[in-house]
Structure formats: structure tokens, C-alpha cells
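Each chain carries a letter (A, B and C) given by its place in the written order, and its residues are counted from 1.
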């Protein structure tokens, strides 16, 4: 187990990168605390896997420095870094038995056979393949194979970190849930540093203590699931996390008022910005429907069980609001924004206002 | 030996106890490069040797030396060849090539070879295409036996067929024609072409056929317009193999020809004359037979790796 | 892929059948015909029964040639298959080296077989050939026309030179189809170089290796042109393989009956051995995947 520091890491797949667009990883400067459970969240192609491969040493970063517990590991090979990594698609050694597949990383490192046996049996139980242990891996189904891959990642107890690269893509939904809770349990028990790459926000938010959101080769925010929800640092985080995502509306700032089309919205204070592009972000959870406020027109109501998503047309912009199951929806609705949920953005980045950030209870996807 | 110890040895594991003997399972700590014995042992474990390039390089040198010697000889005079060892021509001459290019019986040899190779390539691929389609898409009476029987023809020694071919083609008056050689080479090229094409075709999802039929394509139109472009690389690979095996075969080609369709490889035996071997001429003729093959490889170089996988590894 | 039952597919196979019938079945019938008959020329044939077969199977000449063929094929497979794998494993994976290697390595495969013979005939001569000259200068008494061992060594080195590339290219094709993730996982797991070969590369090369072994066996067992050009079957009968003997018998001496009988025996042996190879190699693969066990 180790603390991992990424010191100004940049990576390009080109030999001579010139402009920022040449970099698959623009600049990552962050730390993964020892024993932390992190999720790297972002859309495909945002550099998550690149970052993971840099940590495990499969890739060498073009620039920057990587430290494990303060020791520079840039020059170390993957094998020396003592990292476990699980890939998106199953990698099993076809000609070995399930048991040997799991024992392989341990034997390679010269662990004594009784210890190997103990570890392997434990993992076999965990991934529910104990009765298959003598079978050749070749004939197994895709999700059994992926469980073996996962097991090989978990079997070594002394690793510096375990990296997961969208490991549950090929697993069926129920099993996904089971394995994810087992991973979490395992993390609690052993406290290994875990980094979990995914593009699925539910996976990220339920697995990780801290979520690293990446977008176009950059880390846009690192925070607890709650922080990401309440105070997205970047409009992308707002869109990407939450269902439906945050409403982002172009506004004009005038003192402590935000001008949205012909409507004015009162702000808690007057943020200063010279940026030309200012936006107001508000989660659907903080959009109040009632008879007072800005007039809007309902375009669609989706009933998703616990609550309803109301799609409205406000000043020519589509916004979403969440309404409770029993909440009355007025025929001529007006909307207002809960000041606690208002975030302001200049050039897509959040404007820090003077307001005290109040810690809020975790809200998850809805109220 | 138990399964476990077998794969332990196969995996080339560190001997038990040599490192991390009592490593408490849940510790082990961070990385201390250069201090941790396991880490050091793992350093370049599993990596390619730094001298990997030596293997292909030495092999290529081994392949090219005899070829270089042939080329070297083709530019020498016979006096120089017999006179002593010279690693490169001291008096380079084009005499040998001049003889070949000015004597019709020589250069006709090349044209004959190329003619029957091309005929064979076209015929083999043309008949193999529908058959391979049938094998890759349908089950029919005796299909497995038929496929195996086809392949057995690839195993038939040409020496077995030399004489019967001669008699058969004599009966049809085909002796000493390009067609005769081209047909004879179909013996081993057609099965090979069917086999290769079947492999490539099986890689094309059947849904494509069904969609095309639903869209109102007739079989021939579908086959030519849609299917053939999809397996273009397979056709290329099959044609390449047909070229290769037809171009290099000599036994049948020599048996079935006398004058008019005589392949270059057979013409080469003329260099033995009353005055002894004309080594320079022999070498020059040999060098010229390398060129068509080399050209073909150059054109297909980007497909060689994929092609040798025969469509389905 | 699920195949549908359709007997009309026979129409698609028909062109191949007609062609192969003309180029294989009819000639084969002629061979069978000769094998059981005798003739004194002028197209009169007599039923000879199994006489020719008995003659062939009783002759030490046939069995000696057969032994030479088997020995040759065995040596060829033992050298070319491991060597081919070794070279394929060390091929460059990307960059300009790939096409260069592939083109240069494929070169010997496209040289007419008698030219291959000619190249080595010249290369090995002690008076004008680089190899023969160098060896003799180094004090090795090398002469492939006089010495049996030298003749065999020359024929074997020639075949390795000629055909190892086929094994290399087949294996290389198998290797490039292995996804990168396998090598990455092996690094993560700390696998040794040998383990990577044994547990990742070799299993993935299974099919191409089967093809390579079958092709190399069949072709080496049928070898004719190259040794014929280099040694003419000599010294003595030292490199007289079945094909060389057969052609000598059929086209040289016009002993049609024995030649035909020998052809059939020869063909059947190739079929049998190929079938054995095929069954053994596919069974090894199946056994590996099906081996299951309870506790």
C-alpha cells in the first residue's frame, strides 16, 4: 500500500507534441492517499486509462514525476512497482486451471505454496468460483473469465495499489452489484489503495470515497460524491453527474443579479468576473415549481417511479426540474431557483463566491 | 508432479523461501527500489531480451548470403568464376544478361512461366470462390467428406501424378500448352484456395448475406457487388498463394511441356553444354527468376502477416 | 456460425469438382489401373493382381527410400518448427523493421524450386561456392557430391533455408493477433519470459502451428526438385527420396506397374501420417480445453 503522487504528469502518444490538443493527458497534478478508494470518472477517451497505465508503468509519462510514498518510481518497471491491475476485457491464461490462474501472480513472486493456497482459496470463495477451481479457464463464460481477472488483481495482498480499468463492463448487472460491494468490503478490510476507472457515475459514486472527474485529458474536479453533486467545479461535472444532469443556462451578471433572458435572478452576493461567457448552473433538484417566479412552459413529464422529471421551456431554454411523486404540478407553472443550489460559471469553471460552503447531507440522485 | 508444481516450474518462479519467505500477507510495504529483493528480482522479468534483433538479423543474413552469391556470380565472367574466390565481381559484365535478353528461347521461358501461372491463378480463385462460399455458409450432403477429400489432393505428391498427367494430356492433345500446366497445378492450388477463402468467408457475418437477400439482391449480384469486396484481402491472399506454388513448381511443368510452353526453370538446364557449365549464364537466369517473386512480395508486404493467419486465428 | 442445410450448395461446389476430377481423379484412376496390370507395350494389358505391390513392398530399395524420407521429414520438423517459433518471437512488432523482415524472409519461398537447388549447388561447391570454399579453407573436408553426411547436411540446410520462413510467417501471424492486454497482464502478474511464451503465446499459436507442421510435413515428405538438382540422389543412393526414386522408375525406366504401385503406397502413407498428425495435434488442443475435474 502506498500513497501515490502524480506530479505534473503529462502524456502524449506523439513523439513531438506541440499544442495542448496533442496531449492525451494535459496535466495531472494530484495525489492518491494511502488506503484511499478513488474512482476515475469520465467519458470514453478522456485519458482515464492512460493515467492508469502511467501509474502501473505500462506507459511512461512524457513529462512529470510519479511518486509512491515519496519515492520516485519513474524509472521502475511495471513488475517492480508491484501494482495489481484489472483490465476492461477478461485476460485469462487459457491453458491453466482457474486455481493456477489465481496462483500465478503469487508464484511468480516466490510466495511459499501454503500461503499461495490460502490466498487463492480465499479469493475463489469471494468470486464464487470455488467449485470450478480445477477447470481449465478456456471453456468459461466471459463473466467467469472476468471474475478470474478480477481475482488475479486481488490475490496479492502486498501490492502498492490495485487499479481497475472498467472491470465490470462484461459482467451482468446483478453480479456487478455483488462484486462491487465485495470490492468495497475488501477495501475496508485491508485498506489497499484502489483506483477504479469507470464511465458510469453510479459505479463511481458508490465505490469511491473520492471521485476524480476527468474531461478531455484534464482532471476537472476531485471530491467526495457529495461535493461533486453540490458544487461541480466545471459545467462538465454538472452535466455528467446526476440524472438528469445540471441545468446550465447562459446569463449576464449584473451586480448581485443574474440576467437570464428577460428574467432576473437574485444571487446571494455579487461575484466579480471579467469573463464574457457566464453561466448559471442549477440542479433539477433545486428547481422549484410553483405559482410564483419565472413563467415557464411544460414540454414533457417523465415518471421514473420515485419522482417525476419535468421538462420545461424557460426563456427559450430547456430545463429539467424534479417533482415529488405526489407534488402538484400547476397548469401554468412558474419556476424559482433555490439559492442554495445556484452555482455560477465563467468559461465553464465555477466562480467561487464569498458564501460559506455549508456541508449538506448526501443527496445522491434525488431527494 | 502435481499440477501446482508443474506450473510453478513452468512459470520460472523464484524458489520458495528465497525471497519474501514469511512475508506477512497483508504488509509488504511500499516500494524501496534497490532495497527490496523481490523488486530487484522482478526488475526486467518477462521483458524482451535487449538483443532480440540479433535473431532476425542473423537469420536474414543466412537467407541472403546464397542469394548474394548468385547475384555476384551473374555479373562475373566465367573466367573469374572458375579462376578463384572473389567476393564481388572484379570485372563486372552484363554479358550473361545480354545473352538471355537476346535469345528468344530464353526470354520465352519467362513469358511461358508467367502465362501459365496467371492462368492457374485466375482459374483456381474463380472456381474456389463459389465452393468456399458453399462450405462456409451451408451444410449439405457429404460436405465434410468433400472438404477433406479436397485437402487430400494438396497432399498428393506431384511425382505420383507426373506420368498419368502426361498420358491424360497427351490424349487430349494438350501437351506443351500453357493450359496443361495451369490445369495440372490446379491439383494443389484449388484445394488451397478453397481452404484459405473459406477461412476468410467464415469471418464475414451471415447477417450480411441475409440482409442483402431481403433487400432484393440476386445471389450473383450479391456475391460480386457486396460479398467479394468484403473478402478482397482473402482473395488477394489466395491469389498470392496460387502464384507462389505455381511459380515454384517444376516437376509437372517440365513433364508436360517440350518446347512451346517450356518454363524458364526448365530452360535453365541448357547451360550445360559440351564446353562445360556456363556458370555465369546459369546464375543470371537464376537471378531473373527471383524478380517476379520479389515484386509480388513487395506488393503484398502489408498483407503478409494477416494473410498467413488465413483469416481466422 | 449456424449453417443452414441446403443441398443446392452442391451447384456451387460443382466447378471445383469438375476441375479436380480432371486434374486428380482421372490421373489417379490411371495410376490404380497400372498398379494392377502389366503391359508389354502396344496397349495390351494383363491383370497383374497384387504382384506389383508385393514387388514394391518386398524391395529394400523402397524401404530404404522410405526410411530416408521419414528421417528427413523428422529432422526438418525438429529444426524448422522451433527455429521458426524462435525467429517469430523475436520479430520487430512495429515500425519499418516489420515490412523489411517480412519481405526478406518471404523471398526464398518464391524462388522456383530448381533454382533453390541451383543456388545451393553453386554455393556449396568447394571450387566456386562461398560455403564450400570457406569450409575447406577452414580445414573441414566438405564435399556434398562425395560424402554422404555432407550431402545430407547440404540438403537439410537447404531445406531450412528454403522453408523456415513459412513457419516464421505463420507463427508471426498468430502472434500479432494476441491483444496487448495479455502482455500487460503478464507484466502486472510478474510473469517470466518463459511463462509468457508458455501460457500466452504458445496457446494462441496453436492453430497456425498445426498448419505449419502439416504443410512442412507434407511438403518435406514429397520433396523432389531441390535434392534432385543438388545431389541427383547421390552419392550412391544416399539422398534418393521416394519422389526421386519414383520419377526415375516411371519416367526414366518406364516401369509403369511398380511405379504405380509405389505411387499408391506412397500417397496412402502421406495421407495416413497427415491424418495422424492432425488428430494428435487437435486432440492435444481439445484435451487441454476439456480437461475438467471434480474435487
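Please note the rule applied: a contact is a pair of C-beta atoms (placed from the backbone, for glycine too) under 8 Å apart; a residue touches a chain by one contact, two chains touch by 3 or more.
Just so it is clear, the structure is predicted and the values come from calculations on it, not from any experiment.
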Chain whose Cα centroid lies nearest the overall Cα centroid: B
Chain at maximum distance from chain C, centres defined as averaged CA atoms: A
Chain centre separation (chain A, chain C; CA means) in Å: 57
Approximate Å spacing (C-alpha centroids) for the pair chain A, chain B: 51
Geometric centre distance via CA averages, chain C-chain B, whole Å: 13
Junction residues of chain C - those touching two or more other chains: 187, 190-192, 195, 199
Touching two or more other chains - residue numbers and ranges from chain B: 11, 13, 42, 45-47
Contacts with two or more other chains, residues of chain A listed in rising order: 77, 79, 96, 104, 108-109
Of chain C, residues touching chain B in the complex: 1-10, 12-13, 15-16, 19-20, 22-24, 26-28, 30-31, 86-87, 90-92, 97-99, 101-115, 118-120, 122-123, 127-131, 133, 161, 164-165, 168-170, 172-174, 176-177, 186-187, 190-196, 198-199, 204, 207-208, 211, 218, 221-222, 224-225, 242-244, 246-247, 250-251, 256, 259-260, 263-264, 266-267, 270-271, 274
Touching residues on chain A, where the partner in the complex is chain C: 53, 56-58, 77-79, 83-85, 87, 89, 91, 93-96, 104-105, 108-109, 131, 133-136, 138-139, 149, 152-153
In the complex with chain A, residue positions of chain C that touch it: 179, 181-182, 184-185, 187-192, 195, 199-200, 203, 288-295
Of all residues in chain B, those that touch chain C in their complex: 10-13, 42, 45-49, 52-56, 59-60, 62-67, 69-70, 73, 81-82, 85, 87, 123, 126-128, 130-131, 133-135, 137-141, 143, 146, 150, 152-165, 167-168, 183-184, 186-187, 190-191, 194, 202, 205-206, 244, 247-251, 255, 263-266, 268, 279, 282-283, 286, 289-290, 292-294, 296-298, 301-302, 304-310, 312-313
